[in-house]
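Per-chain numbering from 1; labels A, B, C, D, E and F assigned in written order.
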Amino acid sequence: MSEENVIAEIKRDYINNLIKRGKRIDGRKPDEIRDISITPNIIETAEGSTRVKLGGTELIAGIKIALGEPYPDSKDKGVMITTAELIPLASPDFESGPPRPRAIELARVVDRGIRESGAIDLKALKVPGSDKVFVVFIDIYPVDMDGNLFDAATIAVISALMNTRVPAAELTAGSETQMQDFQLPIKYYPISITGVKIGDTMVLDPTQEEEDIAGARLTVTTDVDGNIRAMQKGRIGRLSVEDIDYMVECSIEKGKEIRKLLMAEEKPSVPSQYPVL
Amino acid sequence: MSEENVIAEIKRDYINNLIKRGKRIDGRKPDEIRDISITPNIIETAEGSTRVKLGGTELIAGIKIALGEPYPDSKDKGVMITTAELIPLASPDFESGPPRPRAIELARVVDRGIRESGAIDLKALKVPGSDKVFVVFIDIYPVDMDGNLFDAATIAVISALMNTRVPAAELTAGSETQMQDFQLPIKYYPISITGVKIGDTMVLDPTQEEEDIAGARLTVTTDVDGNIRAMQKGRIGRLSVEDIDYMVECSIEKGKEIRKLLMAEEKPSVPSQYPVL
Amino acid sequence: MSEENVIAEIKRDYINNLIKRGKRIDGRKPDEIRDISITPNIIETAEGSTRVKLGGTELIAGIKIALGEPYPDSKDKGVMITTAELIPLASPDFESGPPRPRAIELARVVDRGIRESGAIDLKALKVPGSDKVFVVFIDIYPVDMDGNLFDAATIAVISALMNTRVPAAELTAGSETQMQDFQLPIKYYPISITGVKIGDTMVLDPTQEEEDIAGARLTVTTDVDGNIRAMQKGRIGRLSVEDIDYMVECSIEKGKEIRKLLMAEEKPSVPSQYPVL
Amino acid sequence: MNKEVKLLREDGLRLDGRRYDELRPIKIEAGVLNRADGSAYLEWGSNKVLAAIYGPRELHPRHMQNSMKAIVRCKYSMASFSVPDRKRPGPDRRSTEISKVIGEALESVIFTEQFPRTVVDVFIEVFQADAGTRVAGLTAASVALADAGVPMKALITACAAGKVEDTVVLDLGKLEDNAGQADLPMAIIPTTGEIVLMQMDGHLTPAEFRKARDMAVNACYQIYEMQKDALKRRYAAE
Amino acid sequence: MNKEVKLLREDGLRLDGRRYDELRPIKIEAGVLNRADGSAYLEWGSNKVLAAIYGPRELHPRHMQNSMKAIVRCKYSMASFSVPDRKRPGPDRRSTEISKVIGEALESVIFTEQFPRTVVDVFIEVFQADAGTRVAGLTAASVALADAGVPMKALITACAAGKVEDTVVLDLGKLEDNAGQADLPMAIIPTTGEIVLMQMDGHLTPAEFRKARDMAVNACYQIYEMQKDALKRRYAAE
Amino acid sequence: MNKEVKLLREDGLRLDGRRYDELRPIKIEAGVLNRADGSAYLEWGSNKVLAAIYGPRELHPRHMQNSMKAIVRCKYSMASFSVPDRKRPGPDRRSTEISKVIGEALESVIFTEQFPRTVVDVFIEVFQADAGTRVAGLTAASVALADAGVPMKALITACAAGKVEDTVVLDLGKLEDNAGQADLPMAIIPTTGEIVLMQMDGHLTPAEFRKARDMAVNACYQIYEMQKDALKRRYAAE
C-alpha cells in the first residue's frame, strides 16, 4: 500500500469513528447543512445569475435567453436546456474535455428538479403570433468544489431564474410581434437535499472529504407543498428503506429553511473572500 | 515469447495442418459454409428487421424509414444510408467509441453490394408532388462475433429490406400528397460470399479462430444472374488470380443456395438459444 | 541524460556559438532570408493556388469559392475563412487528428494579416440582388517543414488570392442575378517576416534546426505603405523593445523585396525537385 | 403531460388490461452469447434487451488501473431502430446518465477488491424499447454477471412504479410513461431489501412515494425468482 | 470597422470618460479558491476573471512527460453566459490560440527545469467579458502562480493599447474594440521590461506602434503594483 | 448511372482520345521531400498525389506496440481544394476505408517482423483529384517505402479497369467513372503476379471481370517500370 493510500486510510477511519459518535470533522451534526450564501445578479452579460457558497463549495449559475424552436410535441411551450461544466479550475478531480458522466448527471438531476416541479411557466415563453419560443439556457459552473454540487446547483439555478429578465424587446425587435421585456415567470421553488451514507449514518450536505469515503448518495428534491419532485441515488453503495424515508423527511424540512433564504429580500451572506463576483 | 503467444502459435499450427489436409476445426470442408438461420420481423419498432445466425455468428439488421432530402445529383431517387456498429457486446475485439475502420469497411462493402445491384428500387422512393424522398436507414448490429460478418450482414440486410414496410401514410400525413403504406420495392437479391486464405487454401465462411490466423480475405457479391456486383479484398496478404476466380465461382454457386433460403416461405431455423429475438 | 539529448545539446551549443559570431549553420547572415520560389496555379481543381518554397520549407495554399451566408453584422460583405492543416506528411512533429493549437495559431495569424490589411475587397463579394455572398476558403497545407511556416504561408496565400478566379457564372447559374466570372479583387499585399531569438540575436526566417533551439518568436506583417497590420509573439521566451523595433524594420524592408517577387510576371524559381506540383 | 389520454379503463384496469400492481410479461434467458464471458437476454413487455459481460480483464492504458480494486464500466445503449424515430448511433446525455447509475448499482454488489487492476465491462444493448429500459437492462446485466461468474454479494433486481391519473401503479408502459405523473425506477438487493438504484421524476406525495416504493420492491421479489430460474436453466443446460 | 460610431467626445475624453492613457478600474484578489493550489480573481472594467493553478503535479500518461522540465498547460475559456449571445461550451479556435500565447508567456518566467516530469496547469475562466479578457486573464494567472508558490523568475503583467479615430489610446473598452482601428495586447516582465506576449491586428504606423507599445508598457507598471498589493494582502491574511 | 453521357466516340476511342486499354499519362518522382524518411510525388492524368513515409519509428503509447512486429498505419486524405466542391478537412468514411485497404496492401509486402514494437507511418495526400486516386496513392506510397529503405518483399503497383457503355476499358477518367458501369481498382506484386488490393463495384459478368482484371494487371507491369525508373533516377541523383 502506497503512502498516499495509508494516509487516506487513516483519514477514512478518523471520519468514520467521528460519525459513529454523531460528530463530523467540521463540527457539524450529521443532519446539519453548511452556511449558505446566495448572491444574485453577479453577471451583467447574463439574463440572470447567482453565486452560491455552500460552506467551501462555490458555484455560479447563469441564465441566457434566446429565440428558438419549440419541441415538436409541445409547440406552445418554451424550451429549457440545462448544462453543467465541471471546469478543472474548480477541483483537481475535474478534467478538461467534453462533458463526462458526472457533469451530465449533475445537469440532468438539477434539470429534473426544476422541470418536474414546473418551476418555470414554460407556456408563458411562447412568442405570440409566431412559431418561435424563448429558450432558457441554464448553465452551471462550479468554481470551488468542496462537496455537494447537487444542492448548491439547485439553489443557484432557482435563484438565478428568479432574477432573470427575458429580453423580449430586443429578441422580437423588427418582428410582427414586438414584445416588452418581462420577468421570467417562476411558479414553484424546488429545493434538493443530498445526503451520503458513511458507515450506518446518513450525513447531509457532505464535504469533499466526506464524499471521498462515502457509500451511497441520495438526492431528494421537494416542492413548497412538501411533495417529491425528483430523486437520484448515486455512487456505489446501498441504502435501506429507512435511509430513504429519512432523506425525504430531511428534504421537506430543510427545503423550507432554504426556501426562506431564497425569498428573503436581504440575502444572508457569509464574508466573501473576494469582493464582487 | 509470452505464454499467450505460445498457445496462439500452437493453435495456428494445428488449424494450418488440418487445412492442408482439407479439414477444418469444426469439421467443415474448406468450401462449406455454416448453417444459416434467418429470422425476419424481430423488431417491432423497426420498419424491417432480421436476425441472422451464421454458425456462431449472430447479427441483427434493422431498417428505419424517414422523410428527407434527395442527393442534389439524383433528385428523383430515394436515399439509402448504411451504418454498422461493432458494439463491444459482440466481441472482446470490439471497442466503444466512434466507428472505426473495420465498422466503416463492413458498412461500405455491404452498402456497395446492395446499391450496385440495384436491390432497392430507389426511384419508387420519391414522394410524388414533393421535393422530399424516403430515406432508408440500414443499421447493422453484430451481437455475437464468430467470424465472417460480411456475409451475415448482407443476408440480414437483404432479408430485412424484403420485410420492410414504408410507413408512407404516417410520414406524409397532413401534406398534400397523402400516401398509403407500401412494401419496400426490392428488385434484386445480391449475396456475398467471403473466403480467407489459410496457407495455400481458400477457406469459405471463416470462424473467428480461422480469421485470427488467416491471410488475405476476399468478398465477392453476385446477383441472381450470376454477375458480379461488388468485391473487396481485405486483410494483410496476397491472393493469386486462381484464388479470385475460385471465389467468383463460389459466390455464384453458394449465392444461389442462400437466395433459396431467403425466398423460402418457411425460413429454416437452427434451434434458437433464446426464444424470440 | 539520454544519448539523444546529448546530441541535441551539442547541436544547440554549435548553433549558438555560430550565431554569437554572426553566422548560421546554412551560411546565411542572421538577417538573411532563404531563397523563395513561388509557383502559382498548380491545382486545377482550386479557384486559386500557389506553391511556395522557402529554402527547405514547402507549402501549398489553395483557394475555393462557394456561395454562403454573410456574417449577421456585415451583410454587405463576403466571408473569408482560413484553415491550416499540419498534415503529418510534412514533418515528424505533426500529428494526425483535429487541428491543434499550432495549426490554429498559424491559420489565425495568416488570416489576421490578410484580413486586417484589407487584402481582399470583401465588399465586392456580395451577390447583387441576393442575400448571399461569396465565401473565400483559404486552405494552407505545409508539405515539407523546415521552419518558418508563417512567412511561407502568407506569401503562398497572397499569391493564390492574386490568381483566384471567382466562378460566379456557375455559382449563380439559374438564379435571378446571373453573374460573369471575375478575378478576385485584391487591394493590398501584406507580407509577414518572422524572426526567432537565439541567444541575444534575432535570426530571420529560421530553419527547423534553429526553431528547435530558439527562444521567443516574433512575426510582423506589414503592408505596402510600411504600416503594421498584424503581429504575433510566440514560443517560450522574452524579447526586448529593441528586438521588436528591429523586427518591424526588417518586416518593412524585406516585405518590399518579397512583394516585388510576388508582382514579377516571371516568377523566380529555384530548381524544383519534382516537375509540376 | 397530456391530460386527455385516458390511462385507466372504466373497469379499473389499465389500457393493456393489467391490474394496478401487475407486471408486464417478463422472459429471461442466461448465457445466450458465445463470445461474452456472461450474457443474458430479457424481454419485458415490448422491451428487448441484451446484456453482456467481459472481464475481469486487464485494463489499458495502465494509468487507468486501480491498484486496490477492479474498475466496473457500464455502457447502456439503444440500437438506432429501437425507437419510433431512428436514433443516431453514439451516446447521448440520457444514455450516459443511465450507464452511470446502472454501473454504480452493479458495482455496489461486486467484490471488486478481489481482482485489482482489472476492469469488468458491462454492455447493455436495447434492441426494442418500451418504457422501463433501464430497469430491464439492469435486471439483465445482473443475470449476465452471475452467468460470467463474477463474484457478487447477491443478485440485484430492478423494477419501476409510477403514478397515472392520480393512481400509483406498477411498471409503467410506454403510453403510461408518456402521459403519467411520476416514474420511480428502483433496484434492490432482494436478499437484504437494500436499495442500489433509485431515481424519480414527477410528482408524488410522501404517502404516494411510499406506496410506489413498496409496490416496486414487492415486484422485484417476483422478478428475482425469474432471474434465479433463468440461471438454474442455464446451469442445467451445461 | 464601423466609422459611424463616435468614440471620442468633444471634450477629448473617451465615451466612458477616461483620458486616452487611462486604465479602466482594476481589482485583484489572490488566493480566493480553496481547492486550487493557487488562485486569483480579477475585475478589469467589466471583465470578471478567475485564474487557478494546479501543480506542479504528476503528468499522465507518462509518455507525455518531459524528463528535463515541467510541462505548462494553459486553458483559457469563457463561460457560456459571459457574452451577449450565449457561447457554446467547449474550446473554439479563438480560445485555443489565446490559451497557447498565454501559456507560452507564463512558461517564459517559470523555472520549469526545477520539476521535471510534472505539469503545471493554468486555468483561466472568464465569467463576464468586456474587451481585453486575454490581458486580464494573463494578469490574474500570474498572481495565481505566485499564490501557488510556483518558482518564477518574476511576475508578468499584461495590458493592451490600441487606436480609435486615429488616436492611440490605452486599454480599449468593448465599444472601442469593436469599432477601433488597432489592438495591441502585450505582457511584460516589469522587473526587466522584457516582452513575453505581443499580438496586434489592425493598422498602425511604426510611430503609432511605438506610442501604443510605450503606453501599454507604462500601464503594466501600474498594474504590477496592484498585483504585488494583492499578494501582500494575501500573505498578510495568512 | 447516367445513360445520356456518351463515353465512346464514333471512332471507337474514348472521350479523351485514349484507346480502350490505354493508360493516362503518369509521372513519378521519388525522394521529393526533405523531412520524410521516404517520399514520392505522382501525377496520373489529372491526379496529383504526394506520399511520405515516417518510420520504422517508436510507437506511443506503449500498449499499442506489437512485440512481434511493426504496426503499419496508413492515412490517405484529400486536400480541401482537390475536388470541385471544397471538401471539409478531416477523415470521412470513404477515406477511412481507402486508408484501410491501402495500408493492408502495403503491409502485405513489408517485413514487419524485422522491427517489432515500431510503427511505419504511410501518409498519402491527394492535392488534385481525378478518378483513381487510390491506385495513384498506393503506387506512390510503394515508391516512397522503397525510397525510405523499408525492407519489402517487392514493390507493389496499382491500377484500375472498368466498364463504360458495355465496354471494358482501362484506367477510368473522371467522366467515365461518374457515368460508368463498373470500377475495379487493383494492386499487384509485379514480381509474382499476386493481388494485394482488389475492390469492385458496379456490374460485370464473370467474363468481363476476367477481361478487366487482366487489363489492369497488364497495365500494372507498365507502371512498375515507371516506379523502378523513378527509384533509379533517385539513386543516381544521390
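Just so it is clear, contacts are C-beta pairs under 8 Å (C-beta built on N, C-alpha and C of every residue); 3 or more make two chains touch, one makes a residue touch a chain.
For clarity, every value in this text was computed on a predicted model and none was experimentally measured.
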{"item": "For chain B and chain F, chains touching each", "value": "D"}
{"item": "Touch-network distance, chain D to chain F, counted in steps", "value": "1"}
{"item": "A-E, B-D or C-E - pair sharing over half of the B-F contact pairs", "value": "C-E"}
{"item": "Separation of mean Cα positions, chain B and chain A [Å, integer]", "value": "49"}
{"item": "Centre-of-Cα separation between chain E and chain B, whole angstrom", "value": "57"}
{"item": "Whole-Å gap separating chain A and chain D, where each centre is the average of the chain's CA atoms", "value": "27"}
{"item": "Chain centre separation in whole Å, for chain F relative to chain E (CA means)", "value": "51"}
{"item": "Where chain F touches two or more other chains, by residue", "value": "61"}
{"item": "Residues of chain B engaged with two or more neighbouring chains", "value": "99"}
{"item": "Contact graph of the chains (line, ring, star, complete, other)", "value": "other"}
{"item": "Chains touching one another, given as label pairs in label order", "value": "A-D, A-E, B-D, B-F, C-E, C-F, D-E, D-F, E-F"}
{"item": "Residues of chain F defined as touching chain D within the complex", "value": "61, 63"}
{"item": "Residues of chain F that touch chain E when the two form their complex", "value": "60-62"}
{"item": "Of all residues in chain D, those that touch chain B in their complex", "value": "27, 29, 31-36, 41, 43, 46, 48, 50-52, 54, 57, 75, 77, 79-86, 89-90, 121, 123-125, 127-129"}
{"item": "Residue ranges of chain C touching chain E (in the complex, touch as defined)", "value": "2, 5, 99, 101-102, 104-105, 107-108, 112, 115-117, 216, 218, 223, 226-241, 243-245, 248, 252"}
{"item": "Complex contact set, residues of chain D against chain A", "value": "67-68, 93-94, 96-97, 99-101, 104, 107-108, 184, 189, 192-206, 209-210, 213, 217"}
